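Common to both upcoming complexes is subunit A, partnered first by subunit B, then by subunit C.
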Partner chain A sequence: MNMSEHFQFTSGQKRNAFILMGIGALTLVIGIIMALSGNHTMQEKIWTGILTNNMFFLGLSLAGLFFIAVNYIGYGGWYVTVKRIPEAMSMFIPYMGVGMLVILIGLWAHWHHIYHWAAEGIADPNSPNYDRLIAGKVSYLNKPFFTIRIIAYFAIWTFFAYSLRRLSIQEDQLGGVSQYNKSKVLAAVFLIFFGITSSSMSWDFVMSIDSHWYSTLFGWYTFSTLFVSGIAAIILFTIFLKSKGYLPQVNQEHLHDLGKFMFAFSVFWAYLWFSQFMLIWYANIGEATAYFKARLDHYPFLFYMILVINFVVPFFALMTRNSKRQMGTLATIAVIVLIGHWFDYFLMIIPGATGNEASFGIFEIGLTIGYAGLFLFVVLKELTKTSLVAAKHPFFKESLEHHT
Partner chain B sequence: MFVSPIREPLITGNKDYHQITEDIARPTEGRPQIGWIIGMGIAQVALLLGVFMMLWTIWYGIGTWNLNRTVGWGWDITNFVWWIGIGHAGTLISAILLLFRQKWRTGVNRAAEAMTIFAVLCAALYPGIHMGRLWVPFYIFPYPNTRAVWPNFDSPLLWDVFAISTYFTVSLLFWYIGLIPDLATLRDRAKSTLRKNIYKALSFGWRGSAKQWQRFESISLVLAGLATPLVLSVHTIVSFDFATSVIPGWHTTIFPPYFVAGAIFSGFAMVLTLMIITRKILHLEDYITIGHIESMNKVIILTGSIVGIAYTTELFVAWYSGNIYEQYAFLNRAMGPYAWAYWIMMTCNVFSPQLMWIKKLRRNLVATFILSIIINIGMWFERFVIIVTSLHRDFLPSSWTYYVPTFVEVGIFIGTLGIFFTLFLLFARTFPVIAIAEVKSIWRTSSNQAIEKFQQQEEAEAAAEKETATV
Partner chain C sequence: MATKKYLLGIFDDEITLMKAVKGVRAAGTKIYDVYTPFPVHGLDDAMGLRHTRLHTAGFLFGATGVLLMFLYITWINTVNYPIIVGGKPYFALPAYIPVLFEITVLSASVGMVIAYFVRNGLSPIRQEPPLDSRATDHKFVVAFDAEELSGEMDNVKELLAEHGASEINEKEID
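What follows is the complex of A and B.
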């Protein structure tokens, strides 16, 4: 076997990943100590920080799985040389399952109040907590059903991620098209499931925080955030591996196509952002505008910054052919897009969960670094488990000779 | 350029370049077939009926329609949105599928783009007639005028004027520029002087020089770039016509992308309806293969399922909202006086396309043809359900009403079908219905000969590998 086909997770890289995780753990421990000694703000920051990062990194790993599945059923050939990267990313889904379990435990133990609908007596007309609107939703928004849904999501996503991964590794040994054909069926079934759950999970985890508010587009909007940030992560891993001398088969043509995806879905994200905002602004119905009013009044900087770095920057920076074919430019934009979409989740979650005075500071940065360390460690570890090159994939040769 | 032999060939029947020209150009050169004449006859009758009903409307006034204070939009806007939606498949095929390098688009792009243009023409008629004064249509355009009357720039209806006129212009340019090399082919093959001169004028002196091809490629790319956002923008703005209002059932944020998906869904259904007939009558089975049909059926499942998810999301969120007006609007859709229309819509658009998960049905022409008609009907009902059921029971129960169209409204709809098919039949007789130059461009990678060659290459490599292993 060629050495360049097998990723070596060096001890230096492992150490760096552990340092990142250590920073995160330290931040979290200090945060918990502060919260236990009565710092209420810090308690809120911990829970919203966990939820924001769970959503963000769950998005990256789901995007990896979605990217593979959609290429299977769309007969995509060009992506085969980078296929192992989204595959490894999808292996992170169960870790975020554990992350969401923490949120669930906190919910049952009343450790956090992110979800107002879970408050005691919310549907009881005699309770001081009674809320007529939320009372109408309790048959969907209640703790047992919420828990069942979330466990089901992660169980089924993980099943598809592991099955597709297993078939892909088997293919390396066996060749032929039987694994490929099975993967196509699995991918199709996954996409049906994902079509529904990508929306419903965003209602559950995020939209229900602002329990009174609703928007039919919300699910598709979060899907676009998830997918574009996933593409940015695939680009960064590709460039990282290339800079270490791996993936010699990946050339400018493949980078160009990944860059096009990032460009196109940044525009698509902006399209959905605009559709949701404009229709609510135009109709000007109080119950819908409340969502944007909280964000515009109290977080105007974040509100406009997200638009600039998630749309304006990639749109102009990736417009030309050359920028999509240069690793430096592409990597810079991918980092910017990732930061932008992290803040996108942050702004979706924060006002509903902690009110109008939330701040962004060292705690959020530290915790996110910790998550990033774990994500890098798991994905790089997964990359060592098999060849970086899916050489027996029926479209491998097409991908080698790919030309945009 | 290597193509995996597990891919299906897109040109079958051992064609060479000359044979491709022969097969595609022939239908424009002979005398019309009897099937074409009968089709044209029927289309003409429908067209004349439509013109008569439009004149009737203008003569007697818009009161000859059954629109009233509560239901201000009925068949007219339903048909308008339906026609605009049908046009979308053409743009999707020529722009988005080009970006995704889907080679099968070359078999159907020409006809689909033509269909786009004819469908937009039919759609554009409706606002004109609906405004009731067909002789002053220029009022909708903003231009400096002595009356100092400007259209309302805050209104999505005006945005629609811009969106659709841009869309029409770009689609027309895209389609026509693609036609130029093929028109030159027809010119070079023409026997009579008159025919030669007509195609000479139409092909703008195309000689096929390297420089001309280079410019042709650049302009195609620029137009594809312009057309891509248009695929999304046009139906997005059509959806704004409804979603910017505060009518329950209309004001919902999912409308823009959901309308786009629905438009592509109905557009592909119409492409399938037309292409299944066209390939049969013009003997183009080697260029529009069962593989092409299957690919289009897959787009149908995808967009049909997206539409299904959107219906379900709307229904769920209406309940979830806790807003009694939202809840009633959807309850009324599913169980009110127009429940029959709602369930026709659900059956045709959500349930029936799911049959296409079965590979046998995706590759069956009869099943595909029937399904494409069902979807055309279903997507018409979708617009009817959105428009009429959201309006007919408004906030004041004393104004509640039940709307049925008059023969005038039905007649105008039949008339637009007549216009559409007249134009399409004329197109099929005068222009190559498949892009000759583009089909030739995939011959080297996707004809059955090419796929066989790649197959042999793979086998030879595998044999060589085995030999080295044994040595």
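What follows is the complex of A and C.
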């Protein structure tokens, strides 16, 4: 067996990942101490920070799973040389399940008020908390059903992620096409499930924060955010591994295709962003415009910055053929896109969860660094568990010969 | 019109063809063109073709179209014939964007089609007889401009035979 087929997670890299996690944990502990000593703003910042990062890193891991499933169904061959990376990313789903469990516990224990619909007596006409608009939605937005849904999402996503991963590892030992055929069935069933849950999870976790507001495009919009940031993460892992001398089979052609994905889905994201915005702007119904008014009035810089760094920058920077074939450009844009989509989630969540005066500062940075450390640690650890090369995959040869 | 003379190397499959194209180019001979029944991946690199600049033209067409259209609808809506629609301001950028998007696509695509035909000289009224009609069906043809080869003709024939050409023909076209 070739050494370059097996990723070595060096102690230096582990130490760095632990340092990142340590920074995150320290930030969180200091935050909790400040919150317990009566700093109400800090309490809100903690919960918003946890939810934003949960969503962002859940998005990356789900994008890994979705990427694999969609390539199984689409008879994709070119991606096989990088297949282990999205596979390893999908292994992060249960960790974010724990993250969301924290939000759930907080919800039941009344530690946070992110979800206005969960307030006591919201559907009771005699209560001072009564809210007629939310009362109409309680059959969906209530704590028990919310809990059941979230547990079901994570249980089923994790099941698919582990099953596809197990089949992929088995394939390395056994060869043949039986694992491939099974994976295809699993992928198809997963995609149907994900088609529904990628929308409903975004309603549950994010859209229900602004309980009065709804947008039928919201699920798609979050999906595009999730997918483009996932592709950016796959690109960064690929470039990282290549720079360490792994993945010699991955050449410019594969990078070119990943770059095309990032370019195309940045445009797709902008398309959905604009579709949602323009309909609301044009119709000008108070109930619907409240969402954008809160963001434009109080966070105008973030609002426009997201558009620039998630659309304008990748659109122009990745337009030429050469830029998609150079690791330096691709990595730079991938980092920019990841930052942009983190802020995208941040802006979706923050006005409803924290209010109009929220700030972005050291706490958010520290917490995100912690999450990133955990994500890197888990994904790199998963990469060591099996060969980096899915050499027995039926399309492996096609992937080696790939030419765009 | 003066007669043009071509040397044609005919191959049976694309794998031999690729090797031959690489071999001939390595020997320093200039290939006029290669005709294949289907697109062969990597052939353009093997032939050393320069990348097309058509997409750059497309970008410029699109950028020109979007800019002119932007100025045009802004002028109409703010100066020439301002009317209030749905309580929106005269200069309502979000409402312009669908139009601007469409005009970008339209001017880029139509512009690229025109640039493509202008550059390669094809048109519905122009007849271009194939150098070897079997290249449209099952054979792979490497063509050389006989004038450019001049004295090397025999060397190139030898080279083609060496690389597995099934036939080597000369063809004149008026």
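Just so it is clear, the second predicted complex is superposed on the first by the 404 of 404 C-alpha atoms of A that agree within 3 Å, B and C clash if a C-alpha of one lies under 4 Å from a C-alpha of the other, contacts with A are read in each partner's own complex, and residues count from 1 in each chain.
The working rule: a contact is a pair of C-beta atoms (placed from the backbone, for glycine too) under 8 Å apart; a residue touches a chain by one contact, two chains touch by 3 or more.
For clarity, every value in this text was computed on a predicted model and none was experimentally measured.
Student: Once the two structures are overlaid on subunit A, check if subunit B and subunit C clash or fit side by side.
Tutor: With subunit A aligned, subunit B runs into subunit C, so clash.
Student: Look at A:F395 in the shared chain and tell me whether it touches subunit B only, subunit C only, both, or neither; answer first, second, both or neither.
Tutor: First partner only.
Student: Check whether A:Y282 is in contact with subunit B, with subunit C, with both or with neither, and answer first, second, both or neither.
Tutor: Both partners, subunit B and subunit C.
Student: What is the contact status of A:H403 with respect to subunit B (first) and subunit C (second): first, second, both, or neither?
Tutor: In the superposition, A:H403 touches subunit B and subunit C alike.
Student: Tell me which of subunit B and subunit C touches more residues of subunit A.
Tutor: Touching more residues of subunit A than the other partner does is B.
Student: Contact-wise, after the overlay, does A:R321 reach subunit B, subunit C, both or neither (first, second, both, neither)?
Tutor: second
Student: Let me test your reading of the model: by the given contact rule, A:V308 touches which partner, first (subunit B), second (subunit C), both or neither?
Tutor: In the superposed model, A:V308 contacts neither subunit B nor subunit C.
Student: Once the shared chain is lined up, is A:V98 touching subunit B (first), subunit C (second), both, or neither of them?
Tutor: Neither: A:V98 stays clear of subunit B and subunit C.
Student: Thinking of the overlay built on chain A, is A:I19 touched by subunit B (first), by subunit C (second), by both, or by neither?
Tutor: Neither partner.
Student: Please state which segment of subunit C collides with subunit B in the superposed model; the candidates are 9-17, 81-89 or 117-125.
Tutor: The stretch that clashes with subunit B is 117-125.
Student: Please write out, lowest number first, the residues of subunit A touched by both subunit B and subunit C across the two complexes.
Tutor: Correct list for subunit A: 278, 282, 403.
Student: Flag every residue of subunit B that touches subunit A in the complex, lowest number first.
Tutor: Touch list, subunit B to subunit A: 1-4, 6-7, 99-101, 229, 232, 236, 240, 243-246, 251-257, 298, 305-306, 309-310, 313-314, 317, 320-323, 357.
Student: Please give the residue numbers of subunit A that touch subunit B in the complex, ascending.
Tutor: 73-75, 77-78, 132-134, 136-137, 140, 177, 180, 188, 192, 195-196, 199, 203, 212, 214-220, 260, 264, 267, 271-272, 275-276, 278-280, 282-283, 285, 287, 394-395, 397-398, 400-401, 403
Student: Applying the document's contact rule, which stretches of subunit C touch subunit A when the two form their complex?
Tutor: These residues of subunit C touch subunit A: 41-42, 51, 55, 59, 86-88, 94-95, 97-98.
Student: Could you list, by residue number, the parts of subunit A that touch subunit C in their complex?
Tutor: These residues of subunit A touch subunit C: 274, 277-278, 281-282, 284, 319, 321, 403.
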